[in-house]
Amino acid sequence: MEYVYAALLLHKAGKPVDEAGVSSVLKAAGVEVNEARVKALVAALEGVNIEEAIAKAAFAAAPAAAAAP
Amino acid sequence: MEAEAHHSTHIPQWKKDEIKNIVDNVHSHRITGIVDVRGVPASSLQVMRQQLRGIVTLHMTRNTLSNIAFNSLPEDEKARILAEHIDGQIVMVYSNENPFRLYKLLEATKSKVPAKGGDIAPEDIVVEKGPTSFKPGPIVGELQQVGISAGIEGGKVVIKQTKKVVKKGEKISAKLAEMLGRLDVKPIEVGLNLKAVVEGDTLYMPADLAVDEVALKGMFAQAAGHAFNLCMEAGIATKDTIEPLIQKATMESKALAVNAPIFEKEVMDIILSKAEVEMLAVAKQVAGKEDALDEELKS
Amino acid sequence: MEYVYAALLLHKAGKPVDEAGVSSVLKAAGVEVNEARVKALVAALEGVNIEEAIAKAAFAAAPAAAAAP
Amino acid sequence: MEYVYAALLLHKAGKPVDEAGVSSVLKAAGVEVNEARVKALVAALEGVNIEEAIAKAAFAAAPAAAAAP
Amino acid sequence: MEYVYAALLLHKAGKPVDEAGVSSVLKAAGVEVNEARVKALVAALEGVNIEEAIAKAAFAAAPAAAAAP
Amino acid sequence: MEYVYAALLLHKAGKPVDEAGVSSVLKAAGVEVNEARVKALVAALEGVNIEEAIAKAAFAAAPAAAAAP
Amino acid sequence: MEYVYAALLLHKAGKPVDEAGVSSVLKAAGVEVNEARVKALVAALEGVNIEEAIAKAAFAAAPAAAAAP
């Protein structure tokens, strides 16, 4: 998940979520960066509205919680 | 049939042609099967034959001739084994479909019909209690005679008790069959009943061929769930998983912020309401105790 | 409610929920302290498992939240 | 949660939820105050309508009470 | 939430969530780091089992769902 | 489940889920292929809408999450 | 997702989930293999207990499904 967090961090910081950005954030965290994973992440994010995806998350809790005993 | 097999030299030409016809069909089709058609009226059989035309060839012939035909096949041909399944009212089927598709096609021809005297119950036959459409009359006695407890309520005949009238595998008497018919109970399944099918070197029995589609759908759902869970756990970003991954990260972040708590604007309302809920929960514990709560909390 | 918050604060801080503690927390918040109420609250909380009550609150609140429009 | 309880205590007591207030309430409870957390709390609460935020909690708590044994 | 993302990034990468780590991750993302917030974050996480805190998501997050429009 | 995974792989790759495809995928994974099982699967899939079947998967996961300890 | 299914297939078949394995399974399915994606997948799965991961219910599943068009 560290790759996803790096992407979210960049997004929140108003920076472009590109390979260079993700790599440098991960490196700063002391992570040994896997170029292929960075590429895969950035490719998967193409065309994705991160803000919208985040907004949908809030609702996620409800069904699970409701089902709890 | 033994006699005929032993005196094959005296077989008339038309029989020889028919035997050759069977052997040719076995060789020219991907699969050959034996189908039990007991109880299927000839007219229904014609309809089924029409419906299957082009996909499955139904070939009605004498059992003796198919027996000879299978036994005439070379020793190493698996289809020889089909001779063992020739018994009763059967037809041969040939198809280029796979055995599973054949099984499904043939299963689709089955329907429920009323029992006749002498039929064997394919499963336990149970008559449910409840109202019937019969007006009071001799029917009450007739039902009683076959062991169905009947009476009259509100001017109608009612079945008083749920009763298993025949066990699976037992013979259905003529009288009971008549009563079941009048009660609209249809315990007999008729249709093309595949007994055995050979494809290449493999003999398939019905049990091998019945695939539970509901269970299969469940397995696909499960497999898809596995893939999804793996992506979530390992953080595998694909077009299909990136949004759920973002959502997972968002929820984890919020959860951490609320539970730690970390004072972030985005979750302050949750943190505050969590504190309030906790306070109210503790207040509930002391509710009713004299003076422990202020007026606002008592209300 | 201030009184209950004061009690919770002491509890979370790992301090005994007693009259002196509740009173001093309330005073620090500028609340005019009602001695009788402090006594009553402290007495009422004796035997109450605050941790459990709080934990249950989180569970119970969830379905309610889920049901909200 | 001590910091949050302190903030809500002040709010309920009609006092401003500022650094001085939160710190003094926490100190009165015997908590070793972390200045940074106090600052963060006060900053995060800026512009937040506390009354509205906790009103949602009351709603959530009601069924909880009903469900309690 | 950048600070929380940074903390989770470090945690998921198996790195300690300390001031130096959080600061350097934030800087790499181009965030102007607020020392006090970093300190507050690290202090808030002291003694917190992050794995557990994350897992509680459904319940704690539920009011958020209710609060959403 | 290998057979189902193989079928899903083909399906997701936009390839026909037929006997040849399933068999060759399984063989490539080093699985000893049972022809009858492959045939059964392919035949059974004629009446199954894979997209529909897997769409339900995500929903099925939710209650499981709630039930988790 | 075909890459993930290839990995799951290899795992179930008791084979190592490595680049060679994933590639050959994908090729058998007629997929034009993207080396970078294979590398990313294998890297992401390093150190992951697949058996455990697939059993874990992802709580994010519900909204994902709901969000699907």
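We call the chains A, B, C, D, E, F and G, going by the order they appear; numbering starts again at 1 in every chain.
Assume a residue touches a chain if its C-beta (ideal position, glycine included) is under 8 Å from a C-beta of that chain, and two chains touch if they have at least 3 such contacts.
This structure is a prediction, so every number in the text was calculated from the model and none was measured.
Chemist: Counting hops between chains that touch, how far apart are chain B and chain G?
Modeler: The distance in steps between these two chains is 1.
Chemist: Going only between touching chains, how few steps reach chain D from chain B?
Modeler: 1
Chemist: Comparing centres built from CA atoms, which chain ends up most distant from chain A?
Modeler: It is B whose centre lies farthest from that of chain A.
Chemist: Comparing C-D against A-B, which pair counts more contacting C-beta pairs?
Modeler: C-D
Chemist: Counting shared numbers against all numbers at the contact of chain F and chain G, is it over half, same, or under half, different?
Modeler: Same residues, largely: of all residue numbers at this interface, over half are found in both copies.
Chemist: Roughly how far is chain A from chain C, going centre to centre by Cα mean, in whole Å?
Modeler: 39
Chemist: Return the distance between the CA-based centres of chain E and chain G, expressed in whole Å.
Modeler: Using C-alpha averages as centres, the distance is 29 Å.
Chemist: Roughly how many whole angstrom separate the Cα centroids of chain D and chain G?
Modeler: 46
Chemist: Indicate the residues of chain E shared as contacts by at least two other chains.
Modeler: In chain E, the residues touching two or more other chains are 1, 5, 8, 12, 40-41, 44, 56-67.
Chemist: Of all residues in chain B, which are in touch with two or more distinct other chains?
Modeler: 223, 225-229, 235-236, 238, 241, 243, 245, 247-249, 251-254, 261-264, 269, 273-275, 277-281, 284
Chemist: In the complex, go through chain G and note every residue touching chain F.
Modeler: 1-2, 5-6, 8-10, 12-15, 21, 24-31, 56-59, 61-62, 64-65, 68
Chemist: With touch defined as at the start, can you tell me which chain D residues reach chain E in the complex?
Modeler: Contacts found on chain D: 34-37, 39-41, 43, 56-57, 59-60.
Chemist: Write out the stretch or stretches of chain B touching chain E in their complex.
Modeler: Touching chain E from chain B are residues 235, 249, 251-264, 266-267, 269-270, 273-274, 277.
Chemist: What residues of chain B sit close enough to touch chain A in their complex?
Modeler: It comes out as residues 235-239, 241-243, 245-254.
Chemist: Along chain C, where are the residues that touch chain B in the complex?
Modeler: 1-5, 7-8, 36-37, 39-41, 43-45, 48, 50, 53-54, 56-58, 60-61
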